[in-house]
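Below is one structure, written out as structure tokens; the observations come after it.
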Amino acid sequence: MIYITRRERFNAAHRLFREDFSDEKNLEIFGKCSNPNWHGHNYELFVTVKGEINKQTGFLVNLKRLSKIIRENIILKLDHKNINLEVEFMKDKLASTENLAVGIWQELEPHIKALGADLHCVKVTESENNFVEYFGD
Amino acid sequence: MIYITRRERFNAAHRLFREDFSDEKNLEIFGKCSNPNWHGHNYELFVTVKGEINKQTGFLVNLKRLSKIIRENIILKLDHKNINLEVEFMKDKLASTENLAVGIWQELEPHIKALGADLHCVKVTESENNFVEYFGD
Amino acid sequence: MIYITRRERFNAAHRLFREDFSDEKNLEIFGKCSNPNWHGHNYELFVTVKGEINKQTGFLVNLKRLSKIIRENIILKLDHKNINLEVEFMKDKLASTENLAVGIWQELEPHIKALGADLHCVKVTESENNFVEYFGD
Amino acid sequence: MIYITRRERFNAAHRLFREDFSDEKNLEIFGKCSNPNWHGHNYELFVTVKGEINKQTGFLVNLKRLSKIIRENIILKLDHKNINLEVEFMKDKLASTENLAVGIWQELEPHIKALGADLHCVKVTESENNFVEYFGD
Amino acid sequence: MIYITRRERFNAAHRLFREDFSDEKNLEIFGKCSNPNWHGHNYELFVTVKGEINKQTGFLVNLKRLSKIIRENIILKLDHKNINLEVEFMKDKLASTENLAVGIWQELEPHIKALGADLHCVKVTESENNFVEYFGD
Amino acid sequence: MIYITRRERFNAAHRLFREDFSDEKNLEIFGKCSNPNWHGHNYELFVTVKGEINKQTGFLVNLKRLSKIIRENIILKLDHKNINLEVEFMKDKLASTENLAVGIWQELEPHIKALGADLHCVKVTESENNFVEYFGD
């Protein structure tokens, strides 16, 4: 069993808030992240897949293909977007890094399976001081 | 003459566009950065000041005070904000990294003078692949 | 189950030595790290907590509160301190990165529990080439 | 149980290809990595070992000795070398990062045992966007 | 006058040697960098251009176009290549980082002029410990 | 004219204070950096030299020799030392990063001249947020 990780990046706007909260309550719970005018981040996404090394190629998976899957299914949907307004798989969810990691896992998993490997970890870095990891359960 | 640099960070949303351009023209000129729903970045700001070492303290400037000046005059205005909508010193300017660097210089310069040093460079990093430097003329 | 990591930093002096060893023996075992005049590091501390995402907030824990807990219980005690002389929870222990990681775990664990999450990992980086991880048993 | 990681680095040339494939097939499978004139990387190697803290020293292992083991058994064989042509433990294997990680594990494991610790993970970083981890089975 | 820097990356093999030197002399002068079987690096290239901010766009130059120029004129020729054998603009030159920086400058300068800006600096990073800067004279 | 930079690192303890100040005054001026029990840092040192490329070697200077000069004349004196107590060239000076950069310049300059190049810049990084540059006058 070997683990390989691919990093991709996206820049997006978001806001942490609940529609059923007042602005005051949103500010109290989410602080400056609740700014109604949005703010944003340079997110880093680390996708780790696991499986056996293919004897023919020496690869677990072809990294070009892994990168293409992540770009087509995740980066295209998130990069230079507003996470709250424009990302189908985040609809009706709080735009937290935690929910983002889970959402990315759900989007990616069938495509990783089709590559012949298992998704092991989705890690999302929101800043140099914070990151979230999700292992699928 | 010695040079000292302080790094501070801010996370903000922005959009590159001109009101006098159509959406199509904005997309043509500014690409995905023109997204009307905004996107955002983790910006890094490097402020370099220069001057003589103070014999009494061994310092060019007190870094705590330099940091406080940058935070109060720049970071407070930009962090978790929308650069196009909420930043007084960027009003009526394109929210490009170039204009941001010049704007930050203009905001900071009098305060650095008051510290007893000269502002040498404002560097703004928008992503790991792009940064802008402004030296004041 | 989701994992979230917060990074905090501290700068401290320390020395590796045993009082019951001669200077020669300390030098032999601990090398230049045994310097009686101390040396120091910029330490990085990564605290990983795990648990369920709170449906109300989209958070595992409020990062502001996690950061506050780490700063009040760990950083305040270590930053700009001498680990051998001034840190209560390192008293009578060798000031190694290993013991530091275990000591930080013991200090933090009850506070993380009170936040409603489980402490998963304490990682302490002593230099760009060395780090220690402790998972609590 | 505590985990300690040491980073070492090596710069090497390699090529991904199979002798039983035509140049066209190699290009199709391995892309530009199959260039017959070689290319190369600044590899980073992270070796994680685990075990109990030695009460006498406060160490899991002496990092100087761990570093020496990695340098003598791995870095000396790989640094400024051609992985396909000059590295005994990679002979007759595809020079992929996956196979490199497994090969390094096999070379290192007996030496780590002799240090009184267990090898936990070999991580090889090929670029800022790709890395492989191997945990030994 | 504003300065903007774009980072691009390439992975390449090279060797430091002179054909008119014996292997022994090459080893003496160039050390392990003279290995006849090649070695390689992950190079980072930072291209800094300078000029006036365009009032219409808020840009010094369009970064997409700057990136495209660097990729087409430099990265395409160097990435996954052997610098000694395959790079036209390095022909008959020692494949040192110094010569690489000068060669890249010469290749890029006319294209930067055509963009409406001036090339200010070519910086080539060979490892985390070494880099070369060339300012054009 | 080409510029080449070599990075070296050292870990040291220090304290900012004046003997002619009371503890209270030292605390007021130097803050927690005045702690009488010391604290410390992982310092990074970037030495930039400039000159002409040697046609015979393709080098400005041999990096091995540049590294050796920095290690013998600077790192050996600073690494795992107490800057206030043990570093001859910092004697009777405040152990600030500013004074450190100037002191390193004075120590290094004759050795760089002897290498056939000119010292251009000494940059000392005290933390990820602060660095000092000195250009020799």
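Just so it is clear, A, B, C, D, E and F label the chains in written order, and each chain counts residues from 1 on its own.
As a working rule, a contact is a pair of C-beta atoms (placed from the backbone, for glycine too) under 8 Å apart; a residue touches a chain by one contact, two chains touch by 3 or more.
Remember, predicted model here, so these are calculated numbers, not experimental data.
Minimum number of contact steps separating chain A from chain F: 2. Touching chain B and chain D at once are the following chains: A, E. Any chain that touches chain D and also touches chain F is listed here: C, E. Of all chains, the one whose CA centroid is most distant from that of chain F is A. In terms of their C-alpha centroids, the spacing between chain B and chain C amounts to 34 Å. Measuring from the averaged C-alpha position of chain C to that of chain E gives a distance of 42 Å. One finds 28 Å separating the Cα centroids of chain D and chain E.
Contact with two or more other chains is made by residues 128 of chain F. Pairwise, the chains that make contact are A-B, A-C, A-D, B-E, B-F, C-D, C-F, D-E, E-F. Those residues of chain C that touch chain D in the shared complex are 16, 18, 29-31, 93-99, 101-102, 128-135, 137. Looking at the complex, you find that chain F touches chain C at residues 9, 11-14, 32-33, 35, 37-42, 79-82, 85-86, 127-128.
Residues 1-8, 48, 53, 56-60, 63-64, 67 of chain C are the ones touching chain A in the complex.
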